[in-house]
Structures are given as C-alpha cells and as structure tokens.
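Both complexes below contain subunit A, partnered by subunit B and then by subunit C.
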Partner chain A sequence: MQELLQHLINALILGSTYALLGIGLTLIFGIMRVVNFTHGELYAFGAYAIFFLESSLGVNFFAAIVIAVVAGCALGALIEYVLLRPLQTADIDTTMLVMIGAWIVMQNTELLYWGGVSKAVPTPFPEEPLQLGPVFVSWLRIFVLIVGTALIIGTYLLIDHTKLGKAMRATFQDPATAALMGVNIKGIYTATFALGSGLAAAAGALLGPVFLVTPTMGDLASLKAFAIVILGGLGNITGATLGGFILAFVEELGAGYISSGYRDAMGFLIIIVVMLFRPTGLFRQAERIG
Partner chain B sequence: MTTRIAPLAWLVLLFTVPLWLRDPYYLHVAITTAIFIIAAMSLNLLLGYTGQLSLGHVAFFGIGAYASALTTLGFEITLPGGWQLTHEPWPPIVGFPISVIVAGLCGYVIGKLSFKVRGAYFVIVTISFAEVTRLVALNWVELTQGPLALNNIPPYGIWLPGLGVYDFWDKTAYFYLVAVVAAVSYLIIRRLVNSRVGRAMVALKDNESLAVSVGIDVTHYLVLAAVVSAAMAGAAGSLYAHYVKIIDPDIFLFIYTVTMVIMVITGGKGTLAGPIVGGIIFGFLPVILRSFASPAVQWIIYGALMIIIVFVLPQGIVPAVERFFERRRARAAAAAPNPDAVER
Partner chain C sequence: MKQIATLALAGLLAGGAFSAATAQETIKIGVLEPLTGPFAASGTYVMNGAKIAADQINAKGGVLGKKLELIIEDNKSNPTEAASVAEKLMVRDKVPVLMGAWGSSLTLAVMPKLMEYKVPMLVETSSSGKITTSGNPYIFRISPPSAIEAVAFAKIVDKLHIKKADFLVINNDWGLGTAQDFGKMFQEHGIKVGMVERMDQAAQDMSAQLSKFKSSDADTLIITSAVEQLTLVFKQAAALGLKKQFITTGGSQNPDQLIDQAGTAVNGTMHLTTFAPWVPEVTPDPEATKWFIGEWKKRGFHFAGVTESFRGYDGIRTIAAAIEKAGKAEPEAIRAAMWQLDITGLNGKIKFTKQGPAGKESGQSIPTVYLIKIEDGKVVVPKL
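Up next is the complex of A and B:
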C-alpha cells in the first residue's frame, strides 16, 4: 500500500511535466499540422538553459527557470520563422523531414557544447524529503508539481479567455475562414510554435533538476510527447493533459510492478494500442485521420 | 543501344571496385555503404513508391541482424510456463535466408497493423514499433545478451565444389557478396515497380481515394510493399551482422533510420538510382569529414544538409540531374539547324 502510494505520488509529479510537453506538442500538431521533432530538443534546451544559467552565470534558480522558458519561446519562434514559414504550403512529410534535420542539428550542438557527460542541476531546496503520512516527497518535486500545474492552468486561461487564444482556436478549426475573419495566420503559427516550445522548455527546466541533464534526453521526450498527443487526440488540450498523467501513471506502475527495463516502452505500447483500437484518441468523438 | 550498354557498364564499375579501391579502409567503407544502400533501396520502396513515410525501418534491419546472428550462435531461452527452448548453432549461411524470412514476417505483421492509419499517425506508429523492438533487444537479455551484445558472429561460409567450405573473412570477397545481394535487390525492386504492382503503388501514392475507386486494393499493395521492403532490409541486416561480427541494441537507434531516409531523400525518392546516389554520398561523406570534424559536427552537417536538400532540391539529386539533361537536350534540338539546311 505504501509502495503504491509512493508510485502514485511520483506519477502525479511526473504527469504534470508530461502534460506540459503534451499540451505544447498538441497545440503545434493541431494548429499547424507539423509533426514537431524538435519538441524534445526544446525540452532538453530548457534543462540545459537552467544548468548553464545557474552553473556558469550564477543566476538564481527561480530566475533561471523563467529565463529558460522565455528563451525556449524565443528559440521556438526562431525555428518557426526560419524553417516553417517558407514551407507553409508544403505537405506534412516535407515539414517532418525539415524538423528531423533541425532536431539532429540541435541535439548535436548541445553535445558539442556541453559534452556527453550528464550534468546535475543544483537546487535551493533542502535534501531532507517531506514526509506525508507513509510516503516521502522531496521539496523539489513538490515545487515541480506546483509550477507544472500552474503552467497548465495558465495555458488553459490563455487559450480560453484571451484574444490570442480565440484566434488560435479559430485557426485550429479552419485556417482559411479564420484568415478571412482578419486573423493573422502567420502570426498565429509563430505564436503557437513559440508557446508550444516554451511549454516544452518549461518541462525540461522543471525535470532537469529532478533527473540528470544529457544531450539525448530529448529523444525520448519527443516520442513520449507524441504518445501523449495520440492518447489525447489531435489538438485536444484536455486530452493532452489527461494523456500526460495517464502516461506517467502507466510508466510508473509498469516500472514498479512489471519491469523497470520496459518503463520507456510503455509510451510506445500505448501509441500502438491506441492507434489500433481508437485512432482518434481516447477523448475525441470524430476526427478524420490523415 | 545505350539502354543495353549502360547497365552493363554500371555492373562492370561495381564489380571492379576492389581492383581500384585497394586501401582496406576505403574497401571497408565501400562494404558498409553498399549494405546501407540495400537498406535505403528497400526504404525507397515504401517512401518513394507508395509514399508512406515509414520511420521504423531500422527495426527490420536490426531484426534481420539479430535473426541471423542468433541462428548462427544458437540460444537457450525459458518460455513462460517453464518450457525450455534450445537452438543449436546452425551454419551462418542459413542465417541469411532466415533473416529475410523473419524480417519479412515482421514486415507483414507491422504493415498490417500500421497501414490502418496514414500520415503523421503512420509515422509515429512506425517509430513506436522500432523503439519497442530496441527496448526488447535491450531487455530480453536471455535471448539477445542485452547491452552485452552478441559477439563473435562467424562469417558466412559457402560450400564450393572442389574447394570445400569457403569462409568470407576476406574484405574483397565480402564486397563481392554484398554487391551481388545489392544488384539482386535492385533488380527485384526494378521488376516490382515496373509491373502492375508498381503502377498500383504509384497510383495510390498520387491519389489514394481515386486508386480505391478504380478497384485497387490499397492495403494489399501496401502490405506487399512492406513485406518486400522489410525482407530486403533484413537481408542487409544479416550482411551487416556477419560483417562487423558484433551487434548490440544500438543497431535499432532512430538515427540509423534517419541515415537511410537522408540517403533516399537526397538521391531522390521514387527513383531507382536515387538511394544509390544518396547512399554513396552519405556513405563516403564521413571519410571526407572525419579528418576535420568530430562526430557531433558531422551530424550537424548531415542535419543541415537534410534541411537544405528539402528546401533546394525537394525531389532529390537524380530527378534534378535528369531534368537538367532533358532541358539541355531540348535546347540542343531547338538550336540545331535543320538537317536539310546543312546540306546546302
């Protein structure tokens, strides 16, 4: 029982960052129809940014997270502006190849600059974990959960209650009509990619200190984000949020009770199973595939 | 006339490579390049002719490599329920057809499942399959030795009349072996795409709804392409395993799929010569780059090249060259004076 509780609380914390990753990707995927292979690299970028700011520049931990997220947004906007804007009329396979190229460049730039050795990010939180009844939780993880949840709620508010969010939703439904109504589609695409990238960087900045920062950390993050998006359904933010938590619970329980070696396989098995039995995702009624 | 001579000239060029490429290092690069070209050609069948961006192709390459190595080395595993399954080592040459069959079967199953979805979903499902096979290879230690790798994979041996068993230890001999497999693969693909089957594939790439409406059984042809493609990649995997003689789960890394994709895209997807041209470029590029660039820099260059190719030559090199020559021929024909006028 105690073990199960511990797994559940770990999954809850992991799930909040997975949800951030998933929301970011589902926005990009849904609105822009771009399979964003750089998503995981933005996640790695967030983690490296906080490491670099703290270790090399001596920036405060909390300020470093904010800067990492803002830098992630800026990098995302740059990628969109340089690589995707000229390809707006191209088909999905073409943009996918360009994103794969960008992913390779980004990952190896990180490898070149920071080397292949894993980095640990120092945090201001006490080592002593908090005891909640029978389970132990580190202060850092509590912080991750709080910030992650806050960012999820913030994204919801942005999408549901601002003019930008309204324009995004309109573009998602029908770009041509949205353009006719005066929505600046190009601007929306850039904003969407920047927002999605910022969320990925936030997930990286939050999880980087929990785990270690390595150049290849982005690979699995990209693929897990895909799993979350597929689980939740294309462009479905609530689906991505729930998908993030579901993936975290499946991984955590699978690793705990089946085999820890197959922890990372859970996401892929979810993708395969969902695609075969419910290709529209768990939470969506009808969406044409393709 | 030229259509008869050209293939022969290419064959002669291919089979004289060991004669003018004497340096063992270059020969080694030529062998691995040829193996990757076989894999890229098989990927091109899916990517170029049926238009399905399969990004799990390395799974079949790796499955072929593991199937061949395990056939040769033997294994002993415990199945659920306490059953013992023991496989005694078989001669390495048997591993080759077995890898083709096993990879082909996997292609059938994965194809049947994956072709239920299209576009972005198909891509992600195929990546997932490849990652799952990698994690199985990593974690099923009893069968695959996991990260410890399968070592000392013996070379192929063939029985020659009068000579006894000949083992392929020699690089030159191995090059010829790979070249023969590559040439056969090329011929199979050429035969396939120039047949009714190939036309059906191209039809459904161009317009799937239209192809269905005229009675083409889409899933049937897609699965057929997947089986041939997977079997061929499996053959390449077997050749690779018996050449490098050690394989570990890293053979399934996504980066190898990306390498094959870059080869096909650069050369020209949907053309017979495309994967060969792209394969030679990206097979030998490391030789040039390694003198001044670390592996990370090499990969940065690859990634940048991939982006540039998509922007500048979206169809790839081969179609671009063909168009160039066609245009020149047309211009020459237009510029040439009327033959009657020359008479006077």
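Up next is the complex of A and C:
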C-alpha cells in the first residue's frame, strides 16, 4: 500500500510535466498542421536557459524560470517567423524536413556551447524530503507539480476565455473562414508557435533542476511528447493533458510492478494498443472529411 | 561555376596529399569514446587523459622517432555509432591500433570489426566479462571486468556486515554482468540477493525502481551505472527517504562530481573505484600519479575527472609501450608486442594474462580496486 501510494504520487508529478510537453506540441499541430521536431530542443533550451541564468549570471531561481519561459516563447516566435512563415504554402514534407534541420542545428549548438558533460542546476529547496504519512516527496517536485498544473490551467483559460484563444480556436476549425471573419491568421500562427514553445521551455526549466541538463535531453522528451499527442489524439488539448498523465502512470506502475527494464517500452506499448483500437487517439472526435 | 568546382577539387586533392605527407611523420592511434549522449562526461575525461599521455610522450620525442597522433571519434554512447566510427578509423585513417570504446555494449559492438580488419584495441573502461571471454584475440583490457571487481570486493565484503543486498543496474551488458558476478560472490559469502532492478541507460527518473526498494528488507543496495545516472539515483533516493547502505561499482562514479552535483544526498555512500587520486601515496606509482594530477589541474580540468581520465592516460601509455616494443606501427606487430608488456600504470602492473577460448585468447590486465566512502562531502578511504 505504501509502495503504491509512492508510485502514484511519483506518477502524478511526472504526469504534469508530460502534459505540459504534450499540450505544446498538440497545439502547434492542431492549429498549424506543423509537426514540430524542435519541440524537444525547446525543452532542452528551457533547461539550459535556467542553468545559464543561474550559474553564469547569478539570477534568482524563480526569476530564471520566468525568463527561461519568456525566452522560449521568443525563440518559438523567431523559428515561426524565419522558418515557417515562408513555408505556409509548402507541403507537409518540406516543412517537416526544415524542422528536422532546425532540430539538428539546435541540438548541436547546445553541444558546441555547453559541451557534452551534463550540468546540475542548483535550487533553493531543501534536500530533505517532505514526509506525508508513509510517502516522501521532494520539495522541488511539489513545486514542479504546482507550477505545471498552474500552467496547464492557464493555457486552458487562455484558449477558452480570451479573444486570442477564440481566434486560435477559429483558426483550428477553419483557417480560411477565420481569415474572412477578420482573424489575423499569420499572427495567430506566430502566437501559437510561441505559446507551444513557451510550454516546452517551461517543462525544461522545471525538469532541468530535477534531473540533469544535457544536450541530448530533448530527444527523449520529443519522443514522449509525440507519444502523448498520438495517445490523446492529434490537436486535442484535453487529450494531451490526459495522455500525459496516462503515460506517466503507465510508466511508473509498469516499472514498479511489471519490469523496470521495460519502463520506456510501456508507454509505447499503450500507443500500439490505442492505435489498434482507436486509431484517432483516445479522445479525438471522429472527423468529417469532405 | 566550373572554375570554382575545379578549384574545390584541387583543394581536396591538395588536402589529401597533405594528410598523406603527415601520415609518414606520425603514428596514428584511433580513440573512440562517448563524447555525447548519456556517457559524455566519462568519455570526455578519458579522451583528455589520453591527450595528456600523447603530449607527454611527444614532448619526450615520441615513439620510434615519430610523434603520436590521436585521431579521436565520438561514438555518441551508441553501439551502432561505435561500430561505424571504428570502421572509419581503421579503413579511412588506417590506424594500426585503437583505444576505446568506454562502455561494454559499445566495445562489444566494435569487436567484430576488429576481427574483420585485424586491428588490436586497448579497452580502457568496459567491465562486462564477455569482452575478454568471447574469443577475440585483438582485445587487450586494462580495466577490471565485474568478476575481478567482485573478487576484489570479496576480500572486504565480510567487514561491511551485509545480510541481504538488492541491485539497481544499468540495463546493458555492463549492469547485467555486474548483477550476475556480484550476486554469485554474495551467495558464496552467505549474503542473500534480493531484487535486481534495471534502468535504461538514458533514463532520468528512477523513482519507480527506488520506491520498490523502500519496501524491500535488504540492508544494502548495489548500484551500477555512470556518474550522470548515479547523480540522479542518489538525489532521487534522498527525495524518497530511502535509507540503506549504498555501494556503487564500475569505476565510473567520479566521486567528486557526485559530491558537486548531488550534494548531501551522497553522504555515507561507498564506491568501488580503480584509482585513488585522493591519496596518491597509496597508489602503485605515487610520483607518476602526482605528476598526472598536477598536469590535469594545470590544464584546467575538474579534479572529479581524474578517476576516469587516468584510464585514458594509462591506455595510451600502454599502446605507446607496445609500439616501441614492436619496433613498427603495424597492427599485427603491436598485437604480438602487447603480450610482452610489463609496465607500471597509475593503477598497478599492466601485464596481460590470457582469457577466453584457447588459440584466440584476449588479454586482461588485473588492476587494483579500492573501496572509498563519501563522508561530509569529502572522499575518505575507510579502514576496514
């Protein structure tokens, strides 16, 4: 029982960051129809940003997270403006190739600048864990859970209750009609990519201090984000949120009770099952074609 | 346009001619290490140790009147990549001898290529038993396989009063081999072996495995992995309130880096290492050890890397000694000369004994193994 509780709390915390990663990716795909291969690198960028700000510039931990997220948004907007805007009429293959190129360039830039040796990010939280009955949780992870959840709720509010969100949803439904209604589609694309990138950078800035910061950290994050998005249904934000939590619970319980050697395989096993029985993902409504 | 192409071609040809000219003046040694990926820290340290050895030898006039030239390739912590860069080194650079490939799975991936091109390789770090027992006559290893580590540990294991031990090992040839060899040794000493949990080499979150150990009645946890993953394991074990006797194996712990990056979470942990730079006077060649540590610091590298980089240093010195003895830089002559070596490395005698099936034995040198402990952020050698 005690072990199960510990597994559940571990999964809950992990799930909140998986959800952040998934939402960012699914937003971009849903609205822009772009498969964003730089997603994992934006995650790594967030982690390196907090490391750089804290270790080299002496910025406070909390301020560094905020700056890292803002910088992630800015980098996302830049990628959209420079690489994707000229490709709006190009087919999906061309866009995909450009994004793969950007991914390679970003990863190697991190490697060139910071080297291959991993970096640890210092945090102001005590190393002694918080004990809740039989369960132990580190303060840092509680902080990650709170901020992660706040960001997920914030994204929901933004999309459901603001004018920008309304314009994004309109673009998602039908870009041509939205444009006729006076929505600035180009602006929406930039905003969407910036938002998605900011969420990835936030996940990186939150998890960098929990784990270690390395140039290849984005690869695994990318892989998981794609898994979450496929699990939840492409372009479905609720699906990505739940998908993130499902993946975390499956991994944690699979490693805890089945085999730790296949921890990362568990998630992909679930995806195969979902693809077999619900090819559009768990939460996606059937789509009318034509 | 055509002119530019011709110019470029001429440039390429000139470049080729240039490298052919330098090839006559230097002796090439291929070095393949993980410079990126999960083992980047360790591989980079080994590479820097190798460079110190080459520079030291070259400063004294080189080998056979020629300078040593290290051709360094990144195997990206990936076995597929390791095999292909090894092939590149042997085919395109025509190196007569290699050093690498750090990890057991990386080395095992390279081994068939050595047979194919008949080039010897000095293995500086890998510890899977399979490497020297599978019948590859081109393998010469200076690091201890997990079985030798287990034998060395057997001499002190009774004093640690272990009743039951669990294992948390990296899910590859290195980790699984360690769990097997140490498990066998424990049973011979009347120590019960509990769970064997595995972690993927790239895994960052080991909370699930560590949560399982919390409900285990074992008093000791044996952990096998490299420094990056060990850092995460200790941080996460502390965060979960897991309190046991932790002992790590494999010699890639870089204790000072652990102290730097995991802080108080590593206090009280014990580590089996193959070098003791904290107490140079107990090492087999104190003068050489002090010089090496001094040079390492002079180059501005982190002291933590010394426990790893000394292997690169010893590896290149061993190769240089073999080339010297062979009298020529040719693969077969170097391979034959390896068997005649009897030199003192930073970690004891380097003298290869035969292992594996008769007729195609691999060489294995037996280094010293130390048990160290971290107390209050300092490395100490416990008296047992």
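Basically, the second predicted complex is superposed on the first by the 287 of 290 C-alpha atoms of A that agree within 3 Å, B and C clash if a C-alpha of one lies under 4 Å from a C-alpha of the other, contacts with A are read in each partner's own complex, and residues count from 1 in each chain.
Definition applied: a residue touches a chain if its C-beta (ideal position, glycine included) is under 8 Å from a C-beta of that chain, and two chains touch if they have at least 3 such contacts.
This is a predicted model, so every value here is computed, not measured.
Participant: With both structures lined up on subunit A, is it a clash or a fit for subunit B and subunit C?
Facilitator: clash
Participant: Applying the document's definition of touch, where does A:N184 land relative to subunit B and subunit C: first, second, both, or neither?
Facilitator: So A:N184 meets neither subunit B nor subunit C here.
Participant: State whether A:V35 touches subunit B only (first), subunit C only (second), both chains, or neither.
Facilitator: In the superposed model, A:V35 contacts subunit B only, not subunit C.
Participant: Tell me which partner A:P86 touches in the superposition: subunit B (first), subunit C (second), both or neither.
Facilitator: first
Participant: Considering only the touch criterion stated at the top, classify A:T162 as touching first (subunit B), second (subunit C), both, or neither.
Facilitator: neither
Participant: First (subunit B), second (subunit C), both or neither: which does A:G261 touch?
Facilitator: both
Participant: Classify the contacts of A:Q173 with the two partner chains as first (subunit B alone), second (subunit C alone), both, or neither.
Facilitator: After superposing on A, A:Q173 lies clear of both subunit B and subunit C.
Participant: Quick one: classify A:N60 as touching subunit B (first), subunit C (second), both or neither.
Facilitator: Neither subunit B nor subunit C is touched by A:N60.
Participant: Which partner does A:V105 reach: the first (subunit B), the second (subunit C), both, or neither?
Facilitator: first
Participant: Looking at the overlay, what does A:E3 touch: subunit B (first), subunit C (second), both, or neither?
Facilitator: second
Participant: Looking at the overlay, which bit of subunit B runs into subunit C, 5-13, 41-49, 95-103 or 239-247?
Facilitator: 239-247
Participant: By the touch definition above, which subunit A residues appear in both interfaces, subunit B in one complex and subunit C in the other?
Facilitator: 111, 259, 261, 264
Participant: Sort out for me which residues of subunit B touch subunit A in the complex.
Facilitator: 53, 113, 116-121, 123-125, 127-129, 131-132, 135-136, 138-139, 254-255, 258, 261, 265, 294, 296-297, 299-300, 302-307, 310-311, 314
Participant: Can you list the subunit A residues touching subunit B in their complex?
Facilitator: 29, 33, 35, 83, 86-87, 92-94, 96-98, 100-105, 107-109, 111-112, 219, 223, 226-227, 230, 259, 261-262, 264-265, 267-269, 271-272, 275-276, 279, 289-290
Participant: Given the complex with subunit A, which residues does subunit C contribute to the contact?
Facilitator: Subunit C reaches subunit A through residues 35-38, 40-41, 43-44, 171, 197-200, 202-205, 207-209, 211-212, 214-215, 228, 231-232, 235, 238-241, 260-265.
Participant: Applying the document's contact rule, which stretches of subunit A touch subunit C when the two form their complex?
Facilitator: The touching residues are 2-3, 6-7, 10, 14, 111, 115-118, 120, 127-129, 131, 136-138, 140-141, 211-212, 214-217, 220, 251-253, 255-256, 259-261, 263-264.
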